[in-house]
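Both complexes shown next keep chain A, but they swap its partner, so chain B is in the first and chain C is in the second.
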Partner chain A sequence: MANPYNAESSMRTESESKSSQSDETVDNVSSRRNFLRLSAASLGAAAASFSAGGVAAPDVAADGAIPSIRLADAFKQSLTEAPASTSFEGAGMTGAEVFANLCSKEDLAALFCCPGNYTVINALAAAGIPTYGGRTEGAMCAMADGFSRATGEVVATSGTEGPGFAHMIMNIAAANAARTPLLVLASNMTLAGDDREAFIQQAYQQPTTEGIKKYGKRMIDPARVHEYGAYAFRCLKSGVPQPVHLDFPAEVARARFKSPTELRDFYDKSKYRSESRASPAAKDVDAALALIAKSQRPLIVAGQGVFQRKGWDALRRAAEKADIAVVTSGPTRGFFPDDHRLSIATAPNALLSADLVIFVGQYCMPSPGEYRLDPQIKAIRVHPVQEDLGRNWPLDLGIVSDEALFLEILADRLPKAKRDAWVAELTKARSDYQAQIDEIYKLGLDHSAKTGMLHPAVITRDTQNFIDTHPDGRESIATGLGGWTIGLFAGRYMRAYRPAQEILPPYQYGAIGPDMAMMMGVSCAVQRGVGPQKGYEGTPTICITSDAGAAYSLMELDTAIKYGWPTITIVYNNNAWGVWPHASRSARSMHMYLFQEHLRYDQMATALGARGEYVRTPADFRAALARAYKAGRDEKASTLINCQAIKEFTSGKDYPPGVSLNAEPGAGAIAH
Partner chain B sequence: MKKYILPLGLLVASAVPVLAAESIVPNTAQSLEMGRELFASRCAECHGRDGKGHVEVIADAGDLTEPLLYRNGSTDEAIDRSIRDGAGAGMPAYSKELKNPEDVGHLRNYIKSLWPADKRPAVEK
Partner chain C sequence: MIEQQLVGALIDDYVARGVFRGAALPSNRAALESYGIVWFRGQVMRLDVDARRGWVCLQNVLPPIAPRSRIDRDLRNWLRSRESPDLPAHRSIDPLQFKTELRRAGGRLQLTVTSRSGAAGEATRKLLRLVNELYLDFLAAPERYDWIVATFDLDPDQPRWP
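Up next, the complex of A and B:
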């Protein structure tokens, strides 16, 4: 396996730090290194750090200054270690090693974790699975989710028994809503201690993930560890994926096996699961073709299943062959380009005109009325699992099929057709929508000029403009849009042109907070060039989030910098939870919705080893974004841009148009 | 968009100032249907499909089914103003999205159809 840690961190190691104390070139006053130098000089205090071997080694510069932030030599050394093989010979294999080998054979793409569940995560690392350790289990779980949203690959997350596992819950639920193939692993004390509150951290894990997983198991029989590992991957790689949760009591993780015969169902993956996929019945395809032939304004809603089954080429071929409009749904965008002549993603006023909708791989199914479609519209739904057909949305035709197979057959069998009136309507609707958001951008510029603060329309439109005009190509930068006020504005302006160029952290579950961590997972995937991110290695990613959202995973900047994932985080700092209008008629409530004003998230980032930028004007923002990109691409540095705003930008009465939800389905849709 | 044939009077009225155009949209079944569609796509996320404002996760939206509870007035002019310019701290201004002045009238007609039967305007033939 190629070394997955191919990204050189921007951070210096202990040894580099000792060999060079004055080799830095500082190009702007807010650079991380300059900040650190100033901090050290002004504080003039001493501190101790510890060497890699765990032996206390006071490391204070001769002049008493605080040492710079740096990576331990042991960190980089650890990343260069080769995988270790295990066998039933000699001392045999532990349950954790049996499980890790299975994960390796299943090409588990990555593990994002915090220490805990030690036997299992160490076995996974030793087996060669790319592993990453961070600061909180919740954020690492979100990182895993982000990696999968950007690649479609199966990923794992892990935490320690009770507390670490409990910390992951919000992000397991978010992954479940997004139908992410996420393997949730956690240690869980001992079978012998069950029901006795023995020692510490006892918790019943499986009931905690009830309703937010596809399958889960507390393993109680060591001999079945491989069997349950196989069960997990069968669920993760078949049908509609969702999280799978395995909890490992010590008796299972630390069991020793000296022969395969000691393990139940110790089969190869070719025997415990199948790659066979459901193909659509010929009569169903005929019926679909007949409905499409009668339609004047057909529309395909391509859901997460199309992305996960990599059906985007067939989708495009089918759409272009018969002038079928397309909009994607789900947490991953770009597998049908927003600027395609048949895209309806930025043409919300055309949605009501569609007379036939073909849902393909729409895992999270809306009800009529939740999509801006004619309630009388004819509906076809293509889904890999029969029992979901007809749920929520009444169908004229339900088809059991793998998404990619259906689209390939559709593309092959569809007769060529021109729907000029429909295409013209799409073009006009896109143009009208663009005019509308251009007008809002102008309002945003006015609001910014009058207040001296950055309006969210300006931040998001100028971010997309930076991407659209960048010499590296507008397809290069992967983005993620979160936060409430800023997220809804970002949905209007941000575009995706290639598969997985954009992910939506709040998709369906609506969690405010995983944004930064998810985008670090995306950045990891980009730097490794996994799946659709191949070809964009070295490119920084951009996360748009809020001050409220940043609080949940800001500490993970440490993790991004450790592993050399260049991330640009744009924080819309409006001094408040975006939902503050809930308190506007409740005088004694407002304090619960407000933060201290003018908090300096840029300085927090700097203290974590990242670059920090503080901006309040459109011109300063554009310049900061350009510097952040250059530092990310050239030095693998991460940057947080603190965009100072005011909470009143949320209000349509004071600063029109205020915040409103975006049309669903389409760009900026977050519910389904 | 779906095409609706507007009465000649409406076409003429659309050329006069906005408030007048909105106020003269007759409360017909056709107007209610157009208002219902607009309500479903622009208002229901916050005010709920039944207008009762129970969707608390999004906003502190008002209950539209009882005019006595309207925080910014329940006259035709007040309702139109809230739709166009926003209301309170959370309701967005829809003047950029609803370019057609009659749309505000259709929306207002539909909203008033949610009122109790004894307060609801009669539907015109």
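Up next, the complex of A and C:
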């Protein structure tokens, strides 16, 4: 296995930081130095006191200056170590090692964790599975989810029994809503201590993930550790994926096996699961072809299943053969390019014209009225398992099939057809939509000029413009859109041109907060060139988020820098939760929605070893973004750009148009 | 009679497609068919159909809107835009074939479509599509966000209709 790490992570000195900062940031650095000088005096005194007791203070330089942030040698050394082999010979294998070997044979793409569940995470690392440790379990869980959203691969996350596992819950739920194949691992004390509140961290884990997983098991029989590992991967790699949750009591993780005969169902993945996929019945394909033939304005809604089954080439072939409009849905965008002549993602006005909708791999089904479609539209749904067909949306035809297989058969069997009027309508609707958001951008520029603060339309449109005009190619930069006000504006302006170029952190579950961590997982996938990210190694990723969202995972900048993932985080800082207007008509409520004003997230980033930029004008923002990209590309540096705004931009009363939800399905859709 | 059957079949189709819940109501006026419809946010609307005149009317199509308010003006402009030749034929309402009217009744709004050729079935189809677009297009515009959240008591995080 190739070394997935980049041990050349860039830890930057203050002087290096200073050279690439804006004037404003230079002031920050200067201020920071003053702070450091002041702090050094007190730390020096503490060190002297410490030394008096006979303990050295090795990190304090002779001149009393506080040393620069740096990676520990032990960190770099650890990443260069070769995987360790295990066997039943000699001391035998632990339950954790048996499980880790199974994960390795299943090509588990990555583990994102915090220390805890030590036996299992150490065994996974030693087995050669790319593992990453961070600051909070919740954020590491989101990182794993982001990695999977960007690749379609099975990933794992882990935390310690009670607190660490509990911290993961929001992001397990987000992964469940996105149908992410996420393997949730957690230690869980001892079977001997069950129901006795023995020592600390006792909690019943499995009921906690009820409703947000496909399968879960607290393992109680050490001999079945391989069997349940197989159970997990059978669920993760078959049908519709969702999180799988295994909790490991110490008696299971630390059990020792000296012979395979001590293990139940200890056989290879070729025996415990199947790669066989459902192919559509011939009569169902005939019926679908007949409905498409009658349709004047057909539409394919290609969901997460099309991405996970890597059906994008067949999707494009089918659409182009018969002039079928396409919009993608789900937490991952770009597997049908937004600029394709048949894309309806940025043509909301045309959605209501479609007379046939073909849902393919739409795992999270809307109800009529939630999608912007004609009420009499005929509906076909293609889904890999039968029992979900007909849920929420009444169907004219339900087809059980693997998504990619269906699209390949459809592309082969569809007769060529021209639907010129429909294509012309799509073109006009895209043009109309572009004119509409161009007008909003002009308003945003005006609002920015009048207030001296950055309007979200300006931030997001200029970010996309940076991507569209970048010499590395507009397909190169993967993006993620989170936050409330800024996320909804970003949905209007951000585009995706290749599979998994855009990730939607708040998809369906609506969590405000996983954004930064999720995009670090994406950055990890990009740097390793996994799946559809191959060919973009070295490219920084861009995360658009809010001040509210950043709070949940800002500390993980430390993790991104440790592992050399160049991330650019654009923080829309409006001093408030974006939903503050809901307090405006309620007495004594507003204080709950407001933060201190003008908080300096850029300075927090700097303190974590990242670059920080503070901007308030469109020109400064564009320049900061260009510097951030260059630093990410050339030095693997991560940057946080603090875009100072005002909360009133959310409301359309003073600063039209204000916030609103985007059309579903389409660019900016987050619900289904 | 044929037009009445067309209207009935259309209502049945909408119900079968999960668009709204609806059922025929007893009518004490000859030639006037009425249907109770539960649509968008559980609002109870009443569809009256005079098949002889090609006239259909949806009562309670929207909660009260102040006369001459901005949203009132916007709504009337939007309705006129539905007659624009710029819209594709399958979406537009041809004023030579249909007459569209927005009226107030007891404070609430009612929308009528009259087929100039007496085609009640097609008038009903036009009216129901128009109402669908009113909610999914007109009311979904950014400038209506605060109004719909306040008027329909929607969850501000999830201002959706069903």
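FYI, the second predicted complex is superposed on the first by the 624 of 672 C-alpha atoms of A that agree within 3 Å, B and C clash if a C-alpha of one lies under 4 Å from a C-alpha of the other, contacts with A are read in each partner's own complex, and residues count from 1 in each chain.
We take it that a contact is a pair of C-beta atoms (placed from the backbone, for glycine too) under 8 Å apart; a residue touches a chain by one contact, two chains touch by 3 or more.
What you see is a predicted model, and the numbers here were worked out from it, not measured in a lab.
Under the clash rule set out above, the superposition-derived model of chain A with chain B and chain C contains a clash between the two partners. Once chain A of one complex is fitted onto chain A of the other, the partner contacts of A:P394 are limited to chain C, with no touch recorded for chain B.
In the superposition on chain A, contact of A:T650 is made with chain B only, not with chain C.
When both complexes are overlaid on chain A, the residue A:F466 reaches neither chain B nor chain C.
Within the superposed three-chain model, A:F233 lies out of touch with both chain B and chain C [touch as defined at top].
In the superposition on chain A, A:Y572 makes contact with neither chain B nor chain C.
After overlaying the two complexes on the shared chain, residue contacts for A:L352 are found with chain B and with chain C alike.
In the superposition on chain A, A:E439 contacts chain B only, with no contact to chain C.
When the two structures are aligned on the shared chain, A:Q376 is found in touch with chain C, with no touch to chain B. Residues 349, 352-353, 369, 372, 374, 510, 579, 581-582, 651-653, 656-661, 663 of chain A contact both chain B in one complex and chain C in the other. Considering their complex, residues 13-14, 16-19, 40, 88, 90-91, 125, 128-129, 132-133, 135-137, 140-146, 156-162 of chain C touch chain A.
Residue ranges of chain A in contact with chain B, taken from their complex: 349-350, 352-353, 369, 372, 374, 436, 439-440, 510, 579-582, 584-585, 648, 650-654, 656-661, 663.
Only residues 1-2, 37, 40-42, 44-46, 49, 57-60, 71, 85-97 of chain B touch chain A when the two sit together in their complex.
Of all residues in chain A, only 296-297, 349, 352-353, 355, 367-370, 372, 374-376, 379, 392-394, 421, 425, 510, 579, 581-582, 651-653, 656-661, 663, 671 touch chain C in the complex they form.
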